[in-house]
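The following blocks contain the structures, represented as structure tokens.
Common to both upcoming complexes is chain A, partnered first by chain B, then by chain C.
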Partner chain A sequence: MSSTTLLLRGLFRPSRCSPFSRRTAQRLPHHTASSSLPPPPSHAFGLRRNASSSPNPSPSNLTTNSGNGNPHHGQPPSWLGHPLRVILTTIKFVAFAHLIWEYGISMAPASGPSMLPTFEVLGEWLLVSKLHRFGRGVTVGDVVAYNIPINDEVGVKRVLGLPGDYVLMETPDGMGGGNMIQVPQGHCWIVGDNLVASRDSRYFGPVPLALIRGKVIATVRPLSEFKWITNPLKKEDGPTED
Partner chain B sequence: MAPPCPSFSSHYLPAAAQVGPDGKARKTEGGRPIDLARDCELLGFAQYECLVSRPELPDSPVQCWPVQRWFRRCRDKKGTFTAETTAWEGTTSAGSSKTSTS
Partner chain C sequence: MAARWASMWSSAARGRGLGPGRGNFLRQVSHYLIQYATWIPPLICFNLYVAEVTFIRGPSMYPFFNPHYNESLRQDLCLVWKLYAQEDLRRGMIVVFRKPSDPTKTSVKRIVGLPGDVVRTRPPYPYEHVTVPEGHVWVEGDHADRSLDSNAYGPISARLITGKVTHVLAPWGRAGRVKWWEHPLREGVFRSM
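Coming up: the complex of A and B.
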């Protein structure tokens, strides 16, 4: 008997609460492994035929019927398998989902006017790449999700400066002035796209890269729209005179 | 929190860009000081000043005015860095307003 057959028999073996059924299951060829076994002896079919015609069903015909999809009374359905297998499969699924959610890609709703017009005030769902957590691979112009350093919320802003870069500390006034700062090592400078309705580095200073949760790569409006978020920073010819 | 960081006027950006975050002088591959206008490519994108006309409505019209921001991406011996030159090069407003509906 091959190991595959043994494994399959182990998977579909009835629970411990019916030892008699387990013994008969070992005696009868199982339907799942029948292709790898020699043809069943004629007495096996005779047993099945006799069992179906018997007015008092024996434990052996309960076992054969379970293979046809009829559930036992008081036992889990056969397709669930052993309860321990169900628990293990559930744990594996939860662990895999956690792995993807924390270190791969996650999605979350976003609201607020600070990133207008890139994101709408309401109804936006953001796809966040966790591969860029802690600022890995983030460049100037990217949109990131981060832990707001002054409360426990998660914000979304655009990166304007990385460690060693030079940025304006205030909103550009159009007059050619303003104070600047060099972003310290291990930090970044983030500003919302809607300058008049954003609380960002202009308010609380450089943000530690450790607070970057990921890079926003797409917006999803459920059932209506999917849009990639691209970096708008591009080469320019220079300011034009008004 | 971030360590104390000295601020400086945007007029001093060309001089401030000569020093890296580690306090050491920046040099080009040729060993020259960094010249923002000569050694760095000009980049830019727009941010906005938006006004939600009727915030009490979920689909209120939104009116936005672009604010152009300029950057210089430079390369020194240790890699690349970016300097915002919006104030240094002058800010231009496109003048046209963009209206969107949320």
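Coming up: the complex of A and C.
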């Protein structure tokens, strides 16, 4: 809360406008007037503000940057608008880009030995499809990025069980005793490819689907080694049931 | 910038040979529509990360929320604070989290046990005592008989928590800050610290 109010106070502090020249402040009413209503049809796109700042817009203003009627003769036109408008536009653009990143597609570096045959220990960059967040459309065999339930980090593992499936609770090497559980409703069973160096559902149990951030669809770096991550459990050919 | 795009759009619309009056109207409507639409992403981000106003449905937090759930259809309107939702969790706080059994739904419960606590459970749970694991919390509704909570699905990961209920807004008589710290702690919780 305090950081937000500080940020807002910093944005809207009146002294924030002081570094900008008086020219900008003087042109504020003209600019807002020109932006709240569309310009007259005869005005060109790029010169709209210069034309509207002159008292009597004449055709000569459209061809030269500083016309006869322009009171700010000799000064270069500011292509940035009022600082408040610049800030608001930046906020809108950042929010839009963030939503694309959070709900569409994103890219992130990954490290660690837990997915070793599939991903390198260091230097991997993964393309993550956020359309599959909350496990939407994820099937057994997909590689997913998920919030680790017991700490604040993000992990990448392979889905081995979906709700209703029966999975082995321990590593299938004969030492775990072979206990099986049924993955509960709304959960999935996540295990790394490198069984001996992976901390996964065998350690913290089934993971709620709400913690799944997306499905890993490709490794992108270096670009020469771009590789789609496909589900190895898909049927190659033959009749499909559904 | 939005205004510039809007003006470009309107000039394009004007070029389609519409009459002067109608073109002017279309231009203004498209201008305002686009200008309003550019505020949708910031609003979504605000609702995601800063605060959200939601209704509390169901009787699970009776009598703290919806004290007249069996007498009227009125629901409490609450402010959910989402900034730093998973940090500084305390026993007694009322949190909003995604249901472990269904990721598309959210639930409102009170935190009863923190990581390391030993909680004496209630009937649906198969064991009498449970130690809350690392990174998890034990959540329960105030209305033990009508609440589907950790006694049904076990301790939940703190990463599922999306917000904390800080204010009641809607029934004017009870509007104000949620004083969760004044609520008595649930018996049968052996605190780790």
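Going forward, the second predicted complex is superposed on the first by the 146 of 242 C-alpha atoms of A that agree within 3 Å, B and C clash if a C-alpha of one lies under 4 Å from a C-alpha of the other, contacts with A are read in each partner's own complex, and residues count from 1 in each chain.
Going forward, a residue touches a chain if its C-beta (ideal position, glycine included) is under 8 Å from a C-beta of that chain, and two chains touch if they have at least 3 such contacts.
Since the structure is predicted, the reported quantities are computational estimates derived from the model, not experimental observations.
Participant: Of the two partner chains, chain B (first) and chain C (second), which one does A:E120 touch, if any: first, second, both, or neither?
Facilitator: Touch partner of A:E120: chain B, not chain C.
Participant: Touching A:T89 in the superposition: chain B (first), chain C (second), both, neither?
Facilitator: Second partner only, chain C.
Participant: Going by the contact rule set out at the top, does A:M169 touch chain B (first), chain C (second), both, or neither?
Facilitator: The answer is first: A:M169 touches chain B but not chain C.
Participant: Let me test your reading of the model: by the given contact rule, A:P208 touches which partner, first (chain B), second (chain C), both or neither?
Facilitator: A:P208 contacts both chain B and chain C.
Participant: If we overlay the two complexes on their shared chain A, which of chain B and chain C does A:F134 touch? Say first, second, both or neither.
Facilitator: A:F134: touches chain C, not chain B.
Participant: Can you tell me whether chain B or chain C touches more residues on chain A?
Facilitator: Comparing chain B with chain C, the partner touching more chain A residues is B.
Participant: Just checking: does A:S224 make contact with chain B only, chain C only, both, or neither of them? Give me first, second, both or neither.
Facilitator: The answer is neither, since A:S224 touches no partner chain.
Participant: If we overlay the two complexes on their shared chain A, which of chain B and chain C does A:Q185 touch? Say first, second, both or neither.
Facilitator: In the superposition, A:Q185 contacts both chain B and chain C.
Participant: Pick out the shared contact residues on chain A: the ones touching chain B in one complex and chain C in the other.
Facilitator: 149, 184-185, 187, 208
Participant: Tell me, which parts of chain A touch chain C in their complex?
Facilitator: By the definition above, chain A touches chain C via 1, 4, 35, 37-39, 41, 45, 48, 89, 91-92, 95-96, 98-99, 134-135, 147-152, 184-187, 204, 208-212.
Participant: Once bound in the complex, which stretches of chain A touch chain B?
Facilitator: Residue list for chain A touching chain B: 113, 116-117, 120-122, 140-141, 149, 158, 160-169, 171-185, 187, 191-197, 205-208, 232-242.
Participant: So in the complex, which bits of chain B are touching chain A?
Facilitator: Chain B reaches chain A through residues 1-3, 5-13, 16-17, 19-22, 41-52, 58, 62, 64, 67-71, 81-84, 86-93, 95, 98, 100, 102.
Participant: Considering only the defined contacts, which chain C positions touch chain A in the complex?
Facilitator: Spelled out, the residues of chain C in touch with chain A are 1-4, 6-8, 10-11, 14, 27-28, 31, 38-39, 41-42, 44-45, 50, 81, 83, 86, 98-104, 133-136, 153, 156-157, 159-160.
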